[in-house]
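Next come two complexes, and both contain chain A; in the first it sits with chain B, in the second with chain C.
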Partner chain A sequence: MSEEFEPKITAFVCNWCTYAGADLAGTSRLKYASNMRVIKLPCTGRIDFMFLIRAFEQGADAVLVSGCHPGDCHYNEGNYYARRRWTVFRKLLNFLGIEEDRVQFSSVSAAEGRKWADLVNEVTGAVRKLGPFKGYKQLMEKSRFIQPVEAGK
Partner chain B sequence: MIEQLRAKAKELLEKREAGVIIGYGRGTNETTATPVFITSPARAGELIFNPFCYNNLLTFVTRDEHKQLGKPAVVARECDMKAAIVLVQEDQIKADGIILLSVSCDEQGRADAACRFNGAMTIPEAEEWLKKNYRAKELTADKIAQVAELEKMSDAERWAFWSKEFERCIKCYACRQACPLCYCRQCIVEKNLPQWVLTSPHPAGNMAWNIVRAFHLAGRCIDCGECERACPVGIPLLALNRALQKEVLRAFDYVSGYDHAGKPVMASFKKDDDEEFIK
Partner chain C sequence: MSRIGVFVCHCGENIGRTVDCAKVAQAAAKFPGVVHAVDYKYMCSDPGQNLIKQAIREKKLTGVVVAACSPRMHEPTFRRAAAEAGLNPFLCEMANIREHVSWVHEDRAAATAKAIDHTRIMVEKARHDEPLFPVKVPVTKTALVIGGGIAGIQAALDIANGAQKVILVEKEPSIGGHMAQLSETFPTLDCSQCILTPRMVEVAAHPNIKLHTFSEIEESKGYIGNFEVKIRKKARSVDLKKCTGCGLCMEKCPVKNIKSEFECGLGARTAIYRPFPQAVPNKPVIDREHCLKFQKGTCGVCAKVCPVAAINYDDTDEIVTEKIGAIVLATGYRVMGTDLYGEYGYGKYPDVIDGLQFERLASASGPTDGNIVRPSDGKVPKKVVFLKCIGSRDNAHGITYCSKICCMYVAKHAMLYKHKVHDGQAYVFYMDIRAGGKNYDEFVRRAIEEDGAMYYRGRVSRIYEHGGKLIVKGVDTLSGLNVQIDADLVVLATAMQAQEGIEKLAQKLNVSYDEYNFFTEAHPKLRPVEANTAGIFLAGACQAPKDIPEAVAQAGGAAAKVLGLFSSDELEREPIIARVNENTCVACWYCYNVCPYGAIEKKEIKDKQGRTVRWVAHVNESVCAGCGLCNAICPSKSVELDGFDDGQSYAEIGALSE
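== the complex of A and B ==
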């Protein structure tokens, strides 16, 4: 097995800043790692921490949460509330033994296409170094006889 | 001491200042105690307070069946008083809708020979009393000894530790039922469209449940330790709660249970909150 490990990373981004920034990276034809799966939400304040857990359950090796810079929130203060939440949540995950690099946070504005491309490369590199998230994959493997029922199925 | 408590309880019921006394009564034998709900002054003598009294009685005040009994006067130790303050802060009970019959216990939260009855208190009085007499006992070195020990381990060691602990979880939700601050009428684990938490007691579901339980108490937990005591398989849940308390204290300089009129820490923010972790 000489193939390099390609991590799966789930990015939860806000509609107004980071998603537009990622879009700008695309329209500017910047080339960057393709490991990121982007999920768009109205605001980082909308992101329930259960989304992150679900991403891990479904095989993500890392997650990224990205929104507006402080003061730029489309809803004025959503990202301030989110910031408090993530401060404590990443501490909890780390206390449970999840490496800090697997749960990343950033602010990318609509004008920062370059920053987004660099960020994705950087995060992908860090997760590649960590390797697959064996811990959570093992949990899921041990639980494989029972799968959740998804809405609408 | 117990006579003072009984007399006060009787007085409150006779004057109709309280509709129900929620306290401890004798259990099935001398070495057990059970929560009692006393509505008639004649029964005030049934109240007891001894080392077998450990439930956090504030759990009952948010439940509908107990609300019907009228304004409660609740026998409360220090940590239980903090629970009442958080319930007022989060608008679950009215500040003037409860009386606390304050009792002091020893360092382990148990009643002993030195226990005292501090009188009936309103919420603001309880807050003042706690600030004066209890605030310094929060997150002391011996309380966070286990947290510090775990923090010294590597990530892989901690993951192994918690995975092994959570493996024993049988999803009985006793931790939730015993907690005075887990008052949601419909808990997230009972919602199934979508099913956020895998319901079976298997490793993935246990991990998700324990993350949810711990994080929903972030910045709220009042360190009464009822979850850990109630846990039939002995998962050190208090260590999880205390790790979060420690982080909330470090990042936001906040200890839960001392501010009934203020906003909860996770439902507020400061513009200059710590953000070194955000790239």
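== the complex of A and C ==
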């Protein structure tokens, strides 16, 4: 391969902390890797972890989940549910054939533009080293009964 | 069939410099469901908005995606524009290609590719958007203020003067709170009662205020604009309507040696008593735990002497139910018990007292008529030692916060003492002097420079009695020397704490509280007077340690919020709320358990005969804050968050692959 691998990364972020933190990175004109695609939800507690699997199914090489810091959740405790869900979910990752490092969990506050920029660079760098994610496609081919759902109406 | 219009903004050069906006529009034109895609220099300008409005009308758009700045910036602008063109505003979405793309990336090709992806994601969302309509809820224009200290009094008066009804509930027999106990107030040294009691009287006389003293909150149901609160009016044993407050009963009551709560144990009261002479209502209450009639069935003197037959030994607790639109919590604070500080001898030595007790000693209406004397022998103390940060900022005793008012009131105490005992000497042991506030630092300087208070920066290790004196052993960390003072009186500035058992009230009202049981505000900076439960507001030291001006200011803020809420007959709120599919709900109550707001209710499904067939979850639209925790946790996928439902979310994810 002569061309460098460009990872595709999907970020699920909460509206109140991390999305605003990413906005701040923008207003501060901080430069970071362009591999992340951002999906905004009200709260990380809204994230059904099926979303993550679906993102891999759509060709993501890694997924980032980021919300408010513990104690700072706009909805008081949503990020705790996300964190708990994540600790359970990560155990499932290997079973699914997804390396644990392909899912990152973090907290970025609305004041942490710099942290967001660094985080994106860090995750992108790590995934670049891991290489493209092929596991899910292989899994899909093996188990025909799991069909990707056609999005759209 | 979706008919989506995509509008790509250059934001002058801000986006256009790094993102090829024309290319984004060309790509968007090919997305499924897109019937119209253009780029323009400034979408938020009038001509830009007109471009959108015109397209909505002419192309009969069913959805709009504006690829521009962050939705936090201009989403309201574009949603309003969409609404003006007759499109439901919630069918208008924004793709962030400025803050998340053009401002943070330099490579034009990569930035353009990302901008296209972000636009595709939002187009997919827009294709799955449903029209949403603001939720309207009626408002009961009566406020409940819980706590009749200065914060509650101020909030009640401000709301009542704003021509709205107020119900003020106070658990003690009189309103007034801690402020009624204070001698003089910093930094002006004006008499606390002189400024407070007129307000207490105003509360009692105000036509818009209904006062329930000696009462507590029993139960609360409902939500913003529509609470239903049960108030327990404890048996007072004195008929307030008949009683004239003549005081004959108190004069004749034979039980005279009960430690007065109001005097912090430094004075005595009778079994039938009013807490203090200026009490509002100025009518007594029978303390059944000490009354001979209730304890032994004897006596009955008060009933015999009462000229208006106001004494009612058969009085029972009464529950009144009130309909309420908003609640102001003003439950105040308590002073920390000093039993944790055995080394300072509080409770063991009568001349080691706390700050509130010193207030009573210095108060003209106090047990000593304002003469500062030792509780043990009534002698005037010539050396008084004040210890600050007793409990506060002390990890070892579990309180890390600063009680905020002690630096100021200790300076005041030192001054008051010097003003009354001219040949006396005040000593203060402190950790830091925190005197932020208008004329506050000047006030502390006066205590030190004009009234000669001796300030030592350091802690006291031990206090013990020797030869009728209290030997205070401490250290002055600035000089590095040990300090020993043979004091006559020691005053401990103990920490301000949340009221005992206040978490029970918090649970009844479903408001959150922190590790110290102080109520938590909705946002520490931008919503400091609102609890995180809609329709409940905070005033005073129930939220955090506060002095009088701050408590009053916050009470005014809370009152303004209440008046704002009451300014219309209906509330309108954003319809990002959860919805239950009753056909698939299996009543597992996961949603009920995770909801931080108590917005999920249990609803009965009945058959034609009125028999309960099954239960389902139901979302109270007025309470739901739209976090979506229920949506994520529901095992049968029966709860969906409008605006961020599963269909929309999976559609967005589906748009990730080209």
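Just so it is clear, the second predicted complex is superposed on the first by the 133 of 153 C-alpha atoms of A that agree within 3 Å, B and C clash if a C-alpha of one lies under 4 Å from a C-alpha of the other, contacts with A are read in each partner's own complex, and residues count from 1 in each chain.
By our rule, a residue touches a chain if its C-beta (ideal position, glycine included) is under 8 Å from a C-beta of that chain, and two chains touch if they have at least 3 such contacts.
Just so it is clear, the structure is predicted and the values come from calculations on it, not from any experiment.
Chemist: So, A:60: does it touch chain B (first), chain C (second), both, or neither?
Modeler: The second partner, chain C, only.
Chemist: For A:117 in the superposed arrangement: first (chain B), second (chain C), both or neither?
Modeler: Once the two structures are laid over each other on A, A:117 reaches chain C alone.
Chemist: Name the contact category of A:78: first (chain B only), second (chain C only), both, or neither.
Modeler: In the superposition, A:78 contacts chain C only.
Chemist: Of the partners chain B and chain C, which touch A:42 in the superposed model: first, second, both, neither?
Modeler: Second partner only.
Chemist: I'd like to know which partner A:99 touches here: chain B for first, chain C for second, both or neither.
Modeler: first
Chemist: Contacts for A:26 in the overlay, against chain B (first) and chain C (second): which applies, first, second, both or neither?
Modeler: second
Chemist: Take the contacts of chain A with chain B and those with chain C, and give the residues found in both.
Modeler: Touching chain B in the first complex and chain C in the second, residues 54, 77, 81, 85, 149-151 of chain A appear in both lists.
Chemist: Where on chain C does chain A make contact in their complex?
Modeler: It comes out as residues 2, 32-33, 70-72, 96, 98-101, 103-107, 110-111, 113-114, 117-118, 121, 124, 127-128, 512, 532, 576, 594, 596, 625-629, 631-633, 641, 644, 646-647, 649-657.
Chemist: Quick one: in the complex, what on chain B touches chain A?
Modeler: Contact set of chain B toward chain A: 147, 150-151, 155-163, 188, 192-198, 200, 202-205, 207-208, 211-212, 214-215, 218-219, 240, 243-244, 247-248, 251-252, 265-271, 273-275, 277-279.
Chemist: Sort out for me which residues of chain A touch chain B in the complex.
Modeler: Touch list, chain A to chain B: 49-50, 53-54, 57, 70-71, 77, 80-81, 83-99, 104-107, 119, 122, 135-136, 138-140, 142-143, 145-146, 148-151.
Chemist: Enumerate the contact residues on chain A facing chain C in the complex.
Modeler: 8, 10, 19-20, 22-23, 25-27, 29-32, 34, 37-43, 45-48, 51, 54-55, 58-60, 74-78, 81, 85, 117, 149-153
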